[in-house]
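Order of writing sets the chain letters: A, B, C and D. Residues in each chain are counted from 1.
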């Protein structure tokens, strides 16, 4: 048996390649599908089946792309009217060499969510592993808010039942393969491991210790932001998108060219916040590379060409993949030679201030400071630096009226990266004195400084 | 948590890299340790601990090598007097970031065999996985014959107890990481999967369905060959060997040079049997590349320089690693340009005949044929082609008197590869008319032809 | 300045990537253009110009493919009516960063052949290098027979003038970058070096030592075969072909599937001749992997799906590229697991005999032998093994009536590889007793055995 | 013939691998010799000869390392008493397959400098290429100041004679392979090309247009700094150093560990200047990664362990190689997780200001500014921003008394990178208000702002 976990960083997405005797299935493929083709080639296998555990909302799935390149069948849950592929129902069985895959309907995250069990018929009739999609993660369970607040209670009950009546009864020794890992926007507290088991989750997953009532209450109380791009991803994944065939070749853009096209492109600087702070092109947005999967969708539109700025080019190719997974086919190019070629060519530069938590601690009482916390509302409510004001990063630009123009704006988040994004937005919007607190509340607490909360 | 399985083909050896928060442990490292250094570098980790689950007998372990390159501590079971490293006892605990590793003494394969459990203290106090060494495999358990036939019964009882009293009680959801996979000489029927669980093994492992009495009887009845190199590996692994630092740069040897040095080197042709059959250098041994880990130790000595012959060079580097893992530091070089450079330079060539099972079927009654089965004695006893004589490949050369010189020798094994080794040995020893049955008994049975057995 | 030579083995084709200050040109791109995209990305460059030195006849050029992926302009000689790209005339000048490229019309190989000189204006106004296409090679010049025998004399004169009036006067220190290296079908005696200079060629190239009259006579006397696929390549390169976007994912085909589809596919065994001899699928054609670029076009049609057979899969991907360069979009798949999976599944097998030159020498007088030389007619005329009959490999199948069915056919070529192709053709056509002379005339001569000639 | 150029970035060092028929020579190998072993393996060759064109002074040569790993002979010029290898004299001839290498004594850069010509005897008796070491570069010639100012005139005459009497007479078509490319400290104005020819240099190299008298005057007037590490490299290369065997595995160091060991290590931050400016560990030296080969030797000692700080780890491995080439075996480790792990762990941070040339232009008249130019003395003399003071970066720390402590220090260099090094040195030495001019004089001039000069 061949079993490979394909992890997509940033998205914290996990897809799976499973094969036996020359035939393979892929579960929840990402849009840049070359990696599945490479695995298939390395193991002398044909991808014959593609499963989607649910209509994903945080990225554009690669099922159609992969299906067209290798002529494989797509199957997804029957609970939604997809415009491609085939509906899979409870109990549907598929064969891949000696492996038998069987569909379990496990609604709760979405109505059409399915799990897929795997038996190795050469070994036994017992279930060996289960792909749980966004139903059950390591240490967490899926979001229940996708259909809006009015549906959370019903979905949470449904999810509880799916887990307790379908997945856990499979047996403690069954290996669990979820669709996301630690850091995903699809689950708050996912543990950082590649693999878990029913038995281990039953013992350690805090959500599985709750009664149905407690579970539903917990999910109803849970809060998430729904980024604007979720709608587009959902539509993409329901209707299917055009195939890419290959990643576009990004254009290498000189300083002069960038200056000429500046007004008609979206420039994103993918460096770390302290690099951006030390010098950047005026008027550009800063989203560090690993922040692209979670934050590009809040700020970038799907029409205007996107131009990337990096330090030395090492991040461009990764960011290209991140953007393609979010359906940003409007990526156009990158600044040739990185930021240094800009300043060597006499391009104008600006800076942002940074400070350590120790410096913040010393200047906190300064009345000219406006301390801005851009973490999630409920994180701020729970624990914050005293005197801070909260506007979540994703909605900052729409709420700038709450940020005074005549004060020194000191921004923090959990560690300083999202604060860097916020700082760049403030600069774009005319705030002149902006400081990013490097390390933010993570360092603040590590230094032993006091926090407050509701 | 970082968890990587490092598989060594041919040996079917599995070692593991496990890390958390910058610190890592390696379990049963192989001798060419570059892969662990690469993983450590990729994940920004220091290897701080090395564990040996037991004193391996089928390869030379890389603990000392790795230890010297990264300054890590070695720990192995206290039940044997190792000349390096530290003795680990039941209950000894080691910390790697948030991970807690604990030693279980699990004798049975050998006296000093240990298993190592892993807890992720950030998640819970429950055991998450266990490294079981050669105690418990997927679908199998370890050999109990290492100390000789007189000890099998005692060792088997000990192994049963280790499994049932130490490993299985850890909980069904615990992930099992054994030291070998499918194809190893250390276990007859290991299943071809990377990972299993206590729960899945309890349900499906045939050895775990037996009572203690049945288990011991089964192990006592079990038969294995002990290849001659086991002794050397055991000594190496108890005493430690010199460090390699890097793989030797093999010398590229021309046809002329090879002709000159022919009598003072061991020439091994690592091509597939039909390639060797179609043409080869007279007097050379044929062991196909993937057969090196299991068969080199039967035929090659540790003194005379080894020269490899390949088709196009693509197998040389892999075979070099295989040989280094068996401590063959006497690898010297390879025929430059492969076998074709030999015949282009007017080197003499010989051939071996091949036939399909269908051709064999037609000529079986020919009295001038001597049908030789080189599989294991007990495999032959159980099921064979009627009229065949059995001499196990490993002991063929010592038993050539049983093979008539005046007949056509037709050799088969399970699929034709070991028969190729045997055919080359027969040619070296002056047998002129040798035929390899391509596909051997595997194809014979697939074709529906009859077999017999005791 | 970035300067990279992209060599395509087998075709002995050389294309060039040259760039400066972010802009690049590619000369004579091959059809699988990923390598140019990779170089451009590595050096932060945009491919802006593509040049074709002539309408190639031995492969399908990748200009259109590359042009569409990176939006670059194509330029080729004005002497032919291409259906895409732009006509370039003597003296046309193009800028790539500090580089100035200028077109020289250098007809002779074909009418529209051009050379392109490069000056680095940052250094001087002197010519630095010249791309000579198929006009001037290291140690050779281009073929003049493309328009048929009636035109050779005129084309040869034209080529002489192009070389002596256009290229050599550029100056002895000018670096020459030709379109082919050693082994190409486009020039008989090309020297095996990557780079040469006008000065070195003037001293050492035997063709440049001749007067115009001697040169023309030499070219008129020269003989070449024109393989059937040249016509298709020429048409492709004049009209343009559809873009590939990416290499097709070949299907992994099991023994059972191959047996079922056998009659409706073209099976090509890409192993070396002695491997094929040692065992093969009855009825299959043997063209060793590196022979594909030169010989596939003689034997394979462009409609019937092509299935490849290899030993261990290591040659499949390379052969796929070779076939795509020849426009074989009908590649379909490969035998999963290689030839051994065939015989393990009880597929029928056949063999071919091989012998060394020493064995041939001993049996030469045997009247039952028909000794067949499949080298080029003029090679045979010049020097051969006494008693041999000549039929060139490319036209063997059409001339089988010359090969007696009632004799032992012993085939040789230059080293045994083409003889292997011939042997497989003879087997397909019902010849039962076929022997391949490993090493062939190369080994024969090295062994000091006598040859004869006209 | 196999010919590969191995370029070492930063050093702008070029070594060469040349081979024929299984045998190869390496010219001026670098110390991390794995790349030559890889090339040899890829081409089925044995490295049999190693040549040193001269005793290098800017890096530690890898001849002994390579020699010991592959058992090859070392040859270097007879004009110096090396403690290893063999002396090569004018006219000494070596064979590598069909290639004939011949030694030319070409003193001038150093006394023992040799060039090596290559003839391909299979093609002709004419010289094909020449390895010129530090005698003749593309567009430049070697330094003549190695033995001190008193010897320059004699050495320059000697170099002129070597070039005009030995190298240029080889013929215009001869390919020139020098030991350095653009950016080397061993030649001021080397052109950025991989290959040149005698003919092209005769036409375009400005040094070759001079009479002997003009040439010597030019060299006498030329000024270079001799960095302190040159002495050590010279000694290393004359005596030989211990073999490395493999690059050391760097230790991944946590923030806590780094804080503890801070006083007993040399911390080098290898990020770009604007990143360092945006935030850094107080008291650390900033040398951007590509600046390590030229500047590490000015600032780092060979005893105290070296710890590297990067952004995301992508530069660590490259810097390790750079340092090993300079014999810094005291590299110890790197900050795990990069600079961000420092601030996330509440480590203290500091910043440096940056400004664009436009901002500098506006504030130039501010009397509180001290404008510091850290380029080479003669660069400053020739052209500078008005009002600037010059101290060369390499000698800044010894001349800090010239830099006022009570002013705002604004530093520039050619583009901002060396100014970043200077800024970090000023901070370490207690200067509180330091600004780096991004783009420096390069951008200043591009913006059209006025400069002055002597």
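We take it that a contact is a pair of C-beta atoms (placed from the backbone, for glycine too) under 8 Å apart; a residue touches a chain by one contact, two chains touch by 3 or more.
Bear in mind that the values here come from a model prediction, so they are computed numbers and not experimental data.
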| item | value |
| --- | --- |
| Those chains which touch chain D and also touch chain C | A, B |
| B-C or A-B - the one linked by more C-beta pairs in contact | B-C |
| Computed distance of Cα centres, chain D from chain B, in Å | 49 |
| Centre-of-Cα separation between chain C and chain B, whole angstrom | 43 |
| Multi-chain contact residues (two or more partners), chain D | none |
| Residues of chain D touching chain B in the complex | 22, 37, 40-41, 44-46, 69-70, 245-246, 249-252, 254, 313, 317, 336-337 |
| Chain C residues within the chain D interface of the complex | 1, 3, 120, 122-124, 126, 128, 139, 171-175, 191-195, 197-204 |
| Chain B residues within the chain C interface of the complex | 271-279, 311-312, 314, 339-340, 343-349, 351-358, 415-417, 438-439, 442-444, 446-447 |
